[in-house]
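Okay, so chain A shows up in both of these, paired with chain B first and chain C after.
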Partner chain A sequence: MNVGDFTRLGAAAISSSVRSGETTPTEVVRAAFERARDIGAGADGLNIFLHSDEDASAEETRGLRKRLDSATDVGILAGVPVAIKDNIASLGLPTTCGSRILAGYVSPFEATAVTRLRANGALIIAKTNMDEFAMGSSTENSAFGPTRNPHDVRCVPGGSSGGSAAAVAAGITPIALGSETGGSVRQPAAFCGVVGVKPTYGRVSRYGLVAFASSLDQIGVVGRTVDDAALGLEAIAGFDKMDSTSSDADVPIYRVSALGKPAPEARAPDTEAMRIGRSPIPLPPPPDATTLKGIVIGKPKEYFPDSLDPAIKAHCERALDHFRSMGATIRDVSLPRSPLAIPVYYILAPAEASSNLARFDGVRYGLRVDPGSGLKAMYGATRSQGFGPEVTRRILLGTYVLSAGYYDAYYKKAQAVRTLIADDFRSVFTSGVHAIFTPTTPTPAFPVGAISDPYEMYLNDIFTVTANLAGVPAISVPIGRVRRLPVGGQIITAHFDEYTMFRVAYALEAALGAEAHQ
Partner chain B sequence: MSRERYEMVVGLEVHVQLKTRTKAFCACSADFGAPPNVNTCPVCLALPGALPVLNEHAVELATRAALGLGCQINPISVFARKNYFYPDLPKGYQISQFDQPLATGGAVAIGKDERGTDIRVGITRVHMEEDAGKSIHDRYPGATAIDLNRAGVPLIEIVSEPDIRTSADAGAYLRTLKQILQYLDVSDVSMEEGSLRVDANISVRPPGQTKLGTKTEVKNMNSFSAVERALEAEYDRQCALIDSGGRVEQQTLLWDGGRGTVRPSRTKEGSHDYRYFPEPDLRPLILDSKWIEDTRHDLPELPDARKKRLALEYGLSSAELDQLLASPDLAEYFEAVARESKDGKGSYNWVMGEVSAALRSSDNDIRQFRVRPADLAQLLNLVRDGTISHTAGKRVFALMLETGKPAAQVASDEGLLQVGDQDAIAVWVDEVLTEHPDEAKRYLAGEKKLQGVLVGFVMKKSKGRADPKRVNQLLSARAG
Partner chain C sequence: MAVTRDDVLHIAELARLGVDQSRVDALTAELSAILAHMEVLSQVDTTSVPPTAGVGSGGTPLRPDVSSAPLMEGTLESFAPAMRDGFFIVPRLATHEDSAESGA
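So, the complex of A and B:
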């Protein structure tokens, strides 16, 4: 097998080839680094990786070799190289969140998701560039320079998981971990022509994910294909006692293509609260997974405004036609409070961020700038030199909305509207609709430096942020190109119904075939 | 004179460290006294990406405490973040509870007023929170050292209503609270080790006025008596201030025990905006009503109830019971002895006398005390039925403590069984009369008051074995 093969192979193919002994983990990792060099992934090129260590990766492959030789079960990602967004704690490589305040910081513990990847045989080869503390939609807010879109280096890859999307789009790894707070996996996946999934809130442990807005944050997966994303999510999903907000609902097998295996009966998660002495309620078994017959797909009118780019709209219509031809029913639905999502998000997320980022105070780790004139001066100097302008803006915004006298008018009201937005989804999904289809973004990737107005940048998340507010799972799948740049379509399903979400996504990907990149 | 013109109004906020093995939100040891920063982990150091997980045992202890204070347990309570920057607060916020606390609306009786009605202090709320670390300012010149061993240790905050009217009542409230918490076994309640801390809110107003005056908050008291003294000092300060035409300013004051005065704290309370909001890393705490009822059912008997019962069962006075109940373990021991010996008063005298003295001198714990309640009860019975004298009983007790042998065996081994035999006693009496001719002569001549002295000589001669009743009879007979 040569390097070129690895840039096209999915995770499942790499894993089975490693397990059969046809390929060695060393070859796979070497190929990934070679590809990174060939495509110019370094700081002077696409600037995809913030940290990678080829020697350490080689060391890790030797460990995996031992596991392979001793014939223990090495897991579904045996030998699959994976890149990790730099706000997810990993042993061995730094975790800087794209921020000066954490430059050089190496976490002494590892995120549960990363540990699970390793347990499944994955090889962590790099940490990817991102908007500082995941605040941004273009990866231009990284303290270490912007990442470029592999499809057009003049353009942004989207963000905040821009490095992860670019790593997969550039053919370096078939899978990368990203994180979402308002669309930070799906939007860059759409911009880079790859698949991006944000699971249900609580599906993946947040332990080790550096918090931006805890009630919205969720680790997501970027994949070359739907299958890669499904495999990646399957490896990391499930309850973790280290994260009280993680769900103990069973994790079904998401890989619909590896069919024959019916999804195990899912248990309803405990989404409301930590209870002492509670009893789970069983969910109905998922529908047949081989066809879209009987599936009802909702088309929400709020996500197809007149102002939508006609080329994107056309691609969406083509996707909807494919759904119909596979036996699905398309139904017009409404999510009437979705237009309120951006203002709600930009109150709640900064509020939580202002508190979550308080720990970066120069006392215990990371940057400390001490002018020597007392504690307050140290705090002030450290934080104003450590944080970039967007992070500073959101901390100020969040501090303001939580202040005495403003809390009710902003935070409390926004929470109430958030509940209404979630209610909209609930009423659609309880009215016989299995999945909702929308464009992932209102536009394709834009040129680096093109958007300077923060509010205009925030509108990039207009179609994605509702899934974070409602906590429902969503996936972006490539549906075609607009002016030679990829665009994505989004499939949203009910809480913990990633199974149906993947089923529809697999079907769409298969039906579009090469059209997805035309 | 200000006593008549101004009424003292006090509410207390008491922080109590719960007796859990581990911290509130991580698995670190909650032990006191480890070397600095040893009991820490990513969670309580607030490393990037770490998350809190609630300690179930802390919830259990907090619930017991709240139930013991007569509170309603809220089936849903919510953790909230209290945001402020300080180097010993690693996350930059404290996880606490705010508008939906664990429990509300309790009360404790702290004694009786002149008319004999209970003085009750209302409990506004009991909520759970975590402790901060410790800043050590005087160890390294020009630098502050931080010890985060305490960061994340579980606390409850018990907030009283402004029902307290005198400093003595404040002291009584604190002692009652401490005793209840000891009985519930939820905390070490030691002010020295910082497992119990008190902040006082105090204001004054003319008697009869219902509106509360402007309050100040007094901190930094390290004992209950310091609380009482601080309240007196602050009461006097506020009264004098108003008398001189001034106004009380809402502020935080620190008690200076050395000078016996309060002084303003450098950080102005009230200027803080803690920006509370629900903690998104923890789900609301939902307590099953059956679990709450089971917890209530499993509460031990509390001091008040035990006092009433013991008064009824053993006829002890209120003052005697207060002494006994000050230590739940000692009260437990007493009851076992009393139950076995069926002698409440006698058991009380022995437990508060010999047993307490032995505990004090050996610095021993009653739970490890060598003389078990059944053994002491046996000793009581031997003394009561005259098998051994009271004097010999004390010697037997000392030997039981030393050897661990039962009372009857010790008494017989040592020949301390009481001698009631007329002849043997007569011999001792005769000997004493011979050996003390002067006293004997005067006694036989009618100086009756010398009888006690002579009985004493006989008891001494018999090493306590002679039955004093018989000795008296014999002596009276000789005097004719």
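So, the complex of A and C:
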């Protein structure tokens, strides 16, 4: 195989090739770095990677080689190169959250999700650029400069996981980890023409994910295809004793090979080192992976407003037609409190952030700026020089809504409306609807520097943020192009029903075929 | 509810953020504009609606109360800005001026 093959192959094909001995891990990793160089992934180009170490990656491939030689079950991602968002702790590479306050910081421990990727044979090759502390929708808020969209370098890749989406879209890795608080995996996936998954809150351990808004944060997966995203999620999902909010719900096999076919030969290893509570279990596969007979898909009117870009609406209608032709029933539904989601989110998330980011104070790790006039002055100088404008704005906003006199009017009120938003989803899913379909974003990617008003930028999350508030899983799948830029369709399902979410996503991907990128 | 310049200075103090004086007016306007969009929530009747603090699978489980070694591959010295004898070193808590201000 040559480099070109690896820029197109999915994770399952790479893993199969490595396990069979047709390809070596070294060749795969070398090809990923070669592709990164060819595409200009560095700071003077697309600015996708913040940290990578080709020598360390080569060393990692030698470790995997030994596991392969000793006939150990190396897992479902054997030899698959994976890029990791820079707010997910990894041993060996810095974890800076795209912030000056953590410049050069190397975590002394690793996120459970990363440990599980390694245990499944994945090779971690780089940390990806992001909006500082995941606060943004364009990756322009990185202290290390914006990432560019591989489809059009004049445009943003979305955010905050813009580097991860761009790494996959540029053909460097088939899988990348991102994180979601309000749409930060799905929105950049849509902008970059790749697949992005936000799992159910609690499905994936948050241990090692630098906290932004703890009641909303989840690690998510970007994939070249639905199957890549499914493989990535399957590898990292499951109970973790290190995260008290992680769920012990069983993790089904999500891979396409589990749909309508016997369970594949590779299983995720269940070792103490991985700290996994349960092994993946296969659910009974449907008789045919390309039929949606019996599936009811809800079309919520609040996500198809008159103001929606007509070209995006047309792509969504085409997707709905495909669902119908595969046997699904399309039902008009309502999520009436969804228009309140942006105000709710931008009260709750900054409130939680103002507390979580208090730890960056120059005492234990990261930047310290000491003007020499006492502890309080050190705190103020460190934080003002360490944080960028958007993080500063959100800390101030969060502190304001939590302060005496405003707590009930803003924070408590937003928590109550969050209950109503979650109730809306519960009502739809208990009325016989299996999945909800919406556009992922109201527009395609916009030019770098085009949006300067903070609230206008927040509106990018308008279709994605509700899933975070309700805690339900959602996936963005490419459904076409608008003015030559990719757009995505979003499939949302009930809590812990990622299986149905992937089933509908696989069907849509198969039905659209090349149309998904036209 | 419009935010005032004094509000911004007060919350910056609470958040231990040293805000550049030249940015205070701009931040005041930005926060006021953002909060104006939040006013829509005041029109929603939430009288009997319980607040949602989290959407996890329920409760906060407790682990066994046994100590274990920290899961760190590196030493504290490898990332701490300043350490001595196993302790983080910080600037003194109060300056002479702070003490005078507080009347201590």
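Following the convention adopted for this analysis, the second predicted complex is superposed on the first by the 484 of 518 C-alpha atoms of A that agree within 3 Å, B and C clash if a C-alpha of one lies under 4 Å from a C-alpha of the other, contacts with A are read in each partner's own complex, and residues count from 1 in each chain.
By our rule, contacts are C-beta pairs under 8 Å (C-beta built on N, C-alpha and C of every residue); 3 or more make two chains touch, one makes a residue touch a chain.
Please read these numbers as outputs of a predicted model, since none were measured by experiment.
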Does chain A have more residues touched by chain B or by chain C? C
State whether A:Thr392 touches chain B only (first), chain C only (second), both chains, or neither. second
Going by the contact rule set out at the top, does A:Pro108 touch chain B (first), chain C (second), both, or neither? both
Partner chain in contact with A:Leu375 - chain B first, chain C second, else both or neither: both
I'd like to know which partner A:Arg206 touches here: chain B for first, chain C for second, both or neither. first
According to the stated criteria, A:Ala89 is in contact with first (chain B), second (chain C), both, or neither; which is it? first
Considering only touches as defined above, state whether A:Ala351 meets chain B (first), chain C (second), both or neither. first
By the touch definition at the top of the document, which applies to A:Ser403: first (chain B), second (chain C), both, or neither? both
Chain B versus chain C as contact partner of A:Ala422, first or second or both or neither: second
If you stack the two complexes on chain A, which partner ends up touching A:Asp361: first (chain B), second (chain C), both, or neither? both
I'd like to check the shared interface: which positions of chain A are touched by both chain B and chain C across the two complexes? 105, 108-109, 214-215, 241-242, 244-245, 354, 358, 361, 363-365, 375, 379, 399, 403
Write out the stretch or stretches of chain B touching chain A in their complex. 42, 45-54, 56, 59, 76, 81, 83, 85, 87, 90-93, 146, 273, 275-277, 280-288, 290-291
Can you list the chain C residues touching chain A in their complex? 1, 3, 7-8, 10-12, 14-20, 27, 30-31, 33-35, 37-38, 40-42, 44, 46, 49-57, 60-61, 63, 71-75, 78-82, 88, 90-95, 97-98
Contact residues on chain A for chain B in the complex? 87-89, 95, 97, 102, 105, 107-109, 111, 206-211, 213-215, 241-245, 272-278, 351-352, 354-355, 357-361, 363-365, 375, 379, 399, 402-404, 407, 411
Any idea which chain A residues touch chain C in the complex? 91, 105-106, 108-110, 201-202, 214-215, 241-242, 244-245, 247-249, 337, 340, 342-344, 346-347, 354, 358, 361-368, 370, 372-381, 383-384, 387, 392-393, 395-397, 399-400, 403, 406, 409-410, 412-420, 422, 453-455, 458, 469-471
